[in-house]
Amino acid sequence: MSTAREHPDQTAQLLIEALPYIRQFADSVVVVKYGGNALAGGDEASALASFAQDIVLLQAVGIKPVVVHGGGPQIAEMLKKIGKTSEFHDGLRITDAETLEMAQMVLVGKVNSGIVAALNVHGPIAVGLSGVDANLITAAFRDEKLGFVGDVTNVDPTIVNRLVAQGIVPVIATIGSDIAGQTLNINADTVAGEIAAAVHAEKLVFLTDVPGIRRVADDPSTVMAQATVEELEALVSSGAANGGMVPKVEACCTAVRGGVRRAHILDGTTPHALLVELFTDSGVGTMVVPS
Amino acid sequence: MSTAREHPDQTAQLLIEALPYIRQFADSVVVVKYGGNALAGGDEASALASFAQDIVLLQAVGIKPVVVHGGGPQIAEMLKKIGKTSEFHDGLRITDAETLEMAQMVLVGKVNSGIVAALNVHGPIAVGLSGVDANLITAAFRDEKLGFVGDVTNVDPTIVNRLVAQGIVPVIATIGSDIAGQTLNINADTVAGEIAAAVHAEKLVFLTDVPGIRRVADDPSTVMAQATVEELEALVSSGAANGGMVPKVEACCTAVRGGVRRAHILDGTTPHALLVELFTDSGVGTMVVPS
Amino acid sequence: MSTAREHPDQTAQLLIEALPYIRQFADSVVVVKYGGNALAGGDEASALASFAQDIVLLQAVGIKPVVVHGGGPQIAEMLKKIGKTSEFHDGLRITDAETLEMAQMVLVGKVNSGIVAALNVHGPIAVGLSGVDANLITAAFRDEKLGFVGDVTNVDPTIVNRLVAQGIVPVIATIGSDIAGQTLNINADTVAGEIAAAVHAEKLVFLTDVPGIRRVADDPSTVMAQATVEELEALVSSGAANGGMVPKVEACCTAVRGGVRRAHILDGTTPHALLVELFTDSGVGTMVVPS
Amino acid sequence: MSTAREHPDQTAQLLIEALPYIRQFADSVVVVKYGGNALAGGDEASALASFAQDIVLLQAVGIKPVVVHGGGPQIAEMLKKIGKTSEFHDGLRITDAETLEMAQMVLVGKVNSGIVAALNVHGPIAVGLSGVDANLITAAFRDEKLGFVGDVTNVDPTIVNRLVAQGIVPVIATIGSDIAGQTLNINADTVAGEIAAAVHAEKLVFLTDVPGIRRVADDPSTVMAQATVEELEALVSSGAANGGMVPKVEACCTAVRGGVRRAHILDGTTPHALLVELFTDSGVGTMVVPS
Amino acid sequence: MSTAREHPDQTAQLLIEALPYIRQFADSVVVVKYGGNALAGGDEASALASFAQDIVLLQAVGIKPVVVHGGGPQIAEMLKKIGKTSEFHDGLRITDAETLEMAQMVLVGKVNSGIVAALNVHGPIAVGLSGVDANLITAAFRDEKLGFVGDVTNVDPTIVNRLVAQGIVPVIATIGSDIAGQTLNINADTVAGEIAAAVHAEKLVFLTDVPGIRRVADDPSTVMAQATVEELEALVSSGAANGGMVPKVEACCTAVRGGVRRAHILDGTTPHALLVELFTDSGVGTMVVPS
Amino acid sequence: MSTAREHPDQTAQLLIEALPYIRQFADSVVVVKYGGNALAGGDEASALASFAQDIVLLQAVGIKPVVVHGGGPQIAEMLKKIGKTSEFHDGLRITDAETLEMAQMVLVGKVNSGIVAALNVHGPIAVGLSGVDANLITAAFRDEKLGFVGDVTNVDPTIVNRLVAQGIVPVIATIGSDIAGQTLNINADTVAGEIAAAVHAEKLVFLTDVPGIRRVADDPSTVMAQATVEELEALVSSGAANGGMVPKVEACCTAVRGGVRRAHILDGTTPHALLVELFTDSGVGTMVVPS
């Protein structure tokens, strides 16, 4: 691939081709869900640095990014380190107090800090948040038998909006707390959808490790370029979507039904997939639109 | 002790007696260093809830509190849990990568979140920060042989000032990062002094587990009610102060030399010592003043 | 009674017990009607100083007080001094030009200035207003045979709102003027109710010399702790309320019907009754609520 | 004299001729001292209405007027009404408590309210202040033997500046208070000079009942069109100025030395003398300039 | 005619008579259409200077003027200079590319600059705009056979509102552009009406060379002092209005239907007709009112 | 050359490479002098559209561009069209009244409007100004024998700063006016330098038709990549620079001495030279730096 150093005129040309998109998304909020898997790959530091560049570029051209992240693989690794084995209730993993503590420490004290630090190499750009901060995410126990697992009952986006208004990129770890101050673990995809709706985002982008939503779960050739909320809801209720894709698909629907114009599920392992989606004609992954 | 419920007229009377102090400190920033020991006591949750009440009261009467915290005992407990033993260099403990990771997770993901959650039971009042957020604390390796231990090289108080201006209580975990984004462990007392100076605090208050600074380290009867910066600096250089008290004393001096009007070292295990110091005639602990 | 000086820990405890109330009323406007009788007692200066402390404390903890006052006893004293005797029309006292002039001078030039001066001993906190200022209260002649007595036709709260927004306590003398600039005497209780509604106050508090509203006018044992607007309106129309209590009761109803959440009639001769009502569980006097 | 109704083209022409002055004084603060004598004339109401028109016009064309007033004749009349006779100390009148009370009531409750009401016929334009409001004028006893007579020790113009910034005309009665809240009577001319300097006025205008400052006190033909601060100070120290003119002359000097560009002493009994001075080439009275 | 210099008291009197109008129109936007004919008279520079004085006076007394101008005679003169003769389509003049270029250069580069320069002799008051600036006027080809003649399709008053809010007088040349950036010539009267409606003007004033709208086109004695929108629309549809008066009448109707309170058609060749209309009881020309 | 459509990944890569420059120049003012020659080429519309894209891109990525333009070739063409021949004084061309009028019409009414229209195809981005607007450029006659030619005596950048602060691109035609409102023709390069200094620009960029400043005027191989102010001043005083390059070089020196960090002389006929200079490592043309 040629570089700017070799062909400065090409840089200029490509910037000009990106101009309509830059203008279109100026001042728009774009919520990016960055998966723990994206971080857990072979060259984690390099992937994170590349992701940070993308986010900083978005901000530099006037877009207002908000990052939401998970950290499943990192939590699993930590639990393994302390020799923790999970118990189950009706086949579902129970989040006991120690598991919650580990999850919270890994999400907030490791993954979140790591993303913030990678962004802030470029300047004082990012601030880490968890759902506990300024009561961003209030949650309630889903089922006491499952332990400290919560469902979102309220999103108060004030702190996110204020940081965004100051040119700061909020990076959000998906820990919530109930009204008594008890922290709870929550599904990160779900939170991303709720936050995108609450902050009136223009776009919600899931950076995953798959190329999009498949019409037939087992058939990689059935990735959809575009889907309506109705199509996706049918896909979920028919059972055609499965596994980890379900909360992502549901979150896209939550967001789009909540006023977000477009939701996207992209393969975040492709370098700069976020930029390609935003600044070129080449749609990648699946775009979710209102009906 | 009588209560407000029994003697409402007394509540009124005592409020009136607190009035001059409330007016004096209105709109002032007060940095409170909350020690990990204070949290690690027998009834940790209750102590934390009591501390949270004090901070919320400060904010309710127009003071602008900023909380800085450590977490030594909690880090030690975690290291023990994973069976980590420390190595030493010239008698000093080495913070290797795993130790740093644990320290960061405990400080940011456990202690910090815990304090924030305790405060936010009262409303969306607090936001947790670490030194990584918006490059609040830039640090540099102290000595590579000691591993990931840093000294503060710069404090950028912008994010703290903005949150304070919005009526938010920043709660700061004392992790910093160097300019390459590498996080480093830093002494929490030192950070408290630097931040107090950087935000032009009116007061810096250390909540410790001792009743103040002793003129003679081993003699509890020599606690000073008041001391000048010069007296304390002499105490440190003469070796009369020792152990964990040294960084606290030095931080008081840093803060007062940096423009903070008063620094205090109090026994935080006394209930509501912070309020007694601020709102009554009864000075408690040691007050550090400019010469 | 023990004092803060003796029991600083008690001060702290009582402050903590007041915290929920302080937080609840933060940024709320509380209109306080301060009666001329309260000022005319045996130790006028001391009562006024105590009242001033209460108002300054309210302001110090973030409440926005607005004071409305009368001055009946002081006007009577002045009229006596100049040997003025009143004429009557159908049994009602006639406010002739000289009486109006005396009333205005006493209310604006004596009582109002006295309250403002007592408050401003604590700092540049209060500004005196009469209804003439910035056309705060426009009135119309009630009945030309009664002379210069007016009924409120309009309240323009702009100047009150602006001063309140600047942290100033407006102290309002209840003189109004008609559209030709003719000043008129108006009932202070009525004005208090109208202003409380116009500034969207959270509370209206009447500091009187009785312990509350009686269900049976002559029976002190029938003071009501709480009453709805409907109950009070029935009380007035049945004639059960009488004398000076009627305009107070009507003003409470006006205010509550106009959106004020709670109106109170307290015995202002009890020290710090205002603080006891606001900051403790002990309701004193009668609280008026919507139906 | 022809009127606008008869010669509308002349109105237009004269407006055009006033244009340079209107532009020159736009956004400037002009302090106008309005004497009690001006109010005490044969047709008081008419004179006041005419004065009010002038002030409203100033405000309408973008000037920021501040009115300071006295009330000597009105106070004398009131004292007479209550049969008060003054005592003297070394030939100087003693202001005892009752005299102070009467002075305060007349100045604040009668003269001030009267001016404010006359202005507010034109809209919610004016707010009355005394020196007690927001601690505008702090004073100290001049000589306890003279009773409640004060000298200005501090002017805090914050409340005046705020009202002016909101398009309000402050009307100031010259009662001050000492730091204990004791009100004191102060010379109105002196206050006008101090306030003009404190608010950085462009002009200070005294509306008196004489045509200007005479070089020779007894010789009406020696009225000066212009005088420097030095000339006037020499006039006062030589004793050539006398009587009530001395505080006016001294106040002009205070103001001009304090940064006010021009001070004027005009005959306020000439209709619209203020407008003629401000908006035509015809200087009237004496203009005081820096040396 | 007497002047201010001769009769300063008269200036004052007339200013007082103008006061109610000055207050009434304070902060109101007044759109003034200044015709090219007004500029093309015998003493063009003098007429322009006089017009500039009027506009500056309006601004000085707090009115917010917006000037819209044409330039027909000046364009004709320029076309003559380059020897351009027009072609016609169905009897209508065709604006070919060269004619458009000349029109644009004369309107924007000569007439507009001339008005701006005349205003700015009084200070940095005016900024010239054409419809191209910040897309103030978007237009579309009326009929391609007529060449570069456009009809207004959109007015974006943002730039006008911003300049007005900053105390600047926008001076608008009536060139528009279509969405491809092609400039088009537009009728200036029409633009004036559209802009008056878009900026929510209080008044729209046409300065023409006739004394008003005639009920009978050929009969000068039938000039109407006042007319409703309905009356004027009937006049136009009946053909009773004709020639250059039609777009003016239609623009008045557009403006008044669009919320402008009053539209006026005056004889701008009378000196200061604008001031006479605004600041005296003497209505001149025809005033258009809603039905 | 490959395009974004073909190689979206390359677009992303090149955006990332431009990121440091985008961040570096964010919020900086960049003054771009756009020469008349650049407009007068073979494909004028296309060159202008390309220039407009560059400016819009600058603005889209957070830079604040200000455009200053000349129009020599276009003025010459217009003078030719009306058959105007110039007279001379001591060998210098005389700008008589008609020449000035044509210059003003062409610059303001044609070139300026053309640039504004080309920019505003992208949205309401640009507003045209001449030096007459809000007294941006005050000038004085250079030599009356040369006619209406002026030298800059004052730049009041207020209107430019305000538009820039609102996200508007000012496009400035270099006509000034003297204090009597007489317009004058001024050298556009000189104006560009003065304005760059007055608005505290980060950069001044001359888009010319040559590749930079030559050390030896006749030797194209001596183009300098970088030069200090001192080197250039020596070049001018030694006569080594000549012709139209002199005012450009002098303007660069004026700007840099006035605080502009970098001035550049580029070949504007190279497509997107502006973007290449700003967003790649490849410096083009000559960069002028402080000594």
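All chains are identified by letter, namely A, B, C, D, E and F, in their written order; residue positions are counted from 1 within each chain.
We take it that a residue touches a chain if its C-beta (ideal position, glycine included) is under 8 Å from a C-beta of that chain, and two chains touch if they have at least 3 such contacts.
Please read these numbers as outputs of a predicted model, since none were measured by experiment.
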Number of hops, subunit B to subunit D, where each hop joins two touching chains: 2
Intersection of the contact lists for subunit B and subunit C: none
Equivalent of B-C within the choices D-E, E-F or A-B, defined by over half of its residue contact pairs recurring: D-E
Subunit D on subunit F, rotation in degrees - Cα superposition, rounded to nearest 5: 120
Between subunit F and subunit A, distance of the C-alpha-averaged centres to the nearest whole Å: 45
Intercentroid distance (Cα basis), subunit E paired with subunit B, Å: 68
Distance between the centres, which are taken as Cα means, of subunit C and subunit A, whole angstrom: 56
Residues of subunit A touching at least two other chains: 123
Chain contact topology (line, ring, star, complete or other): ring
Chains in cyclic order, anchored at subunit E, direction fixed by subunit F: E, F, A, B, C, D
Subunit B-touching residues of subunit C, taken from the complex the two chains share: 1-5, 7-19, 22-23, 26, 53-54, 56-57, 60-62, 122-123, 270-272, 275-276, 279-282
Subunit C contact footprint on subunit D (complex, rising order): 81-82, 101, 104-110, 112-113, 116-118, 120-121, 123-130, 132-135, 156, 158-159, 162, 166, 168, 175, 177, 179-183
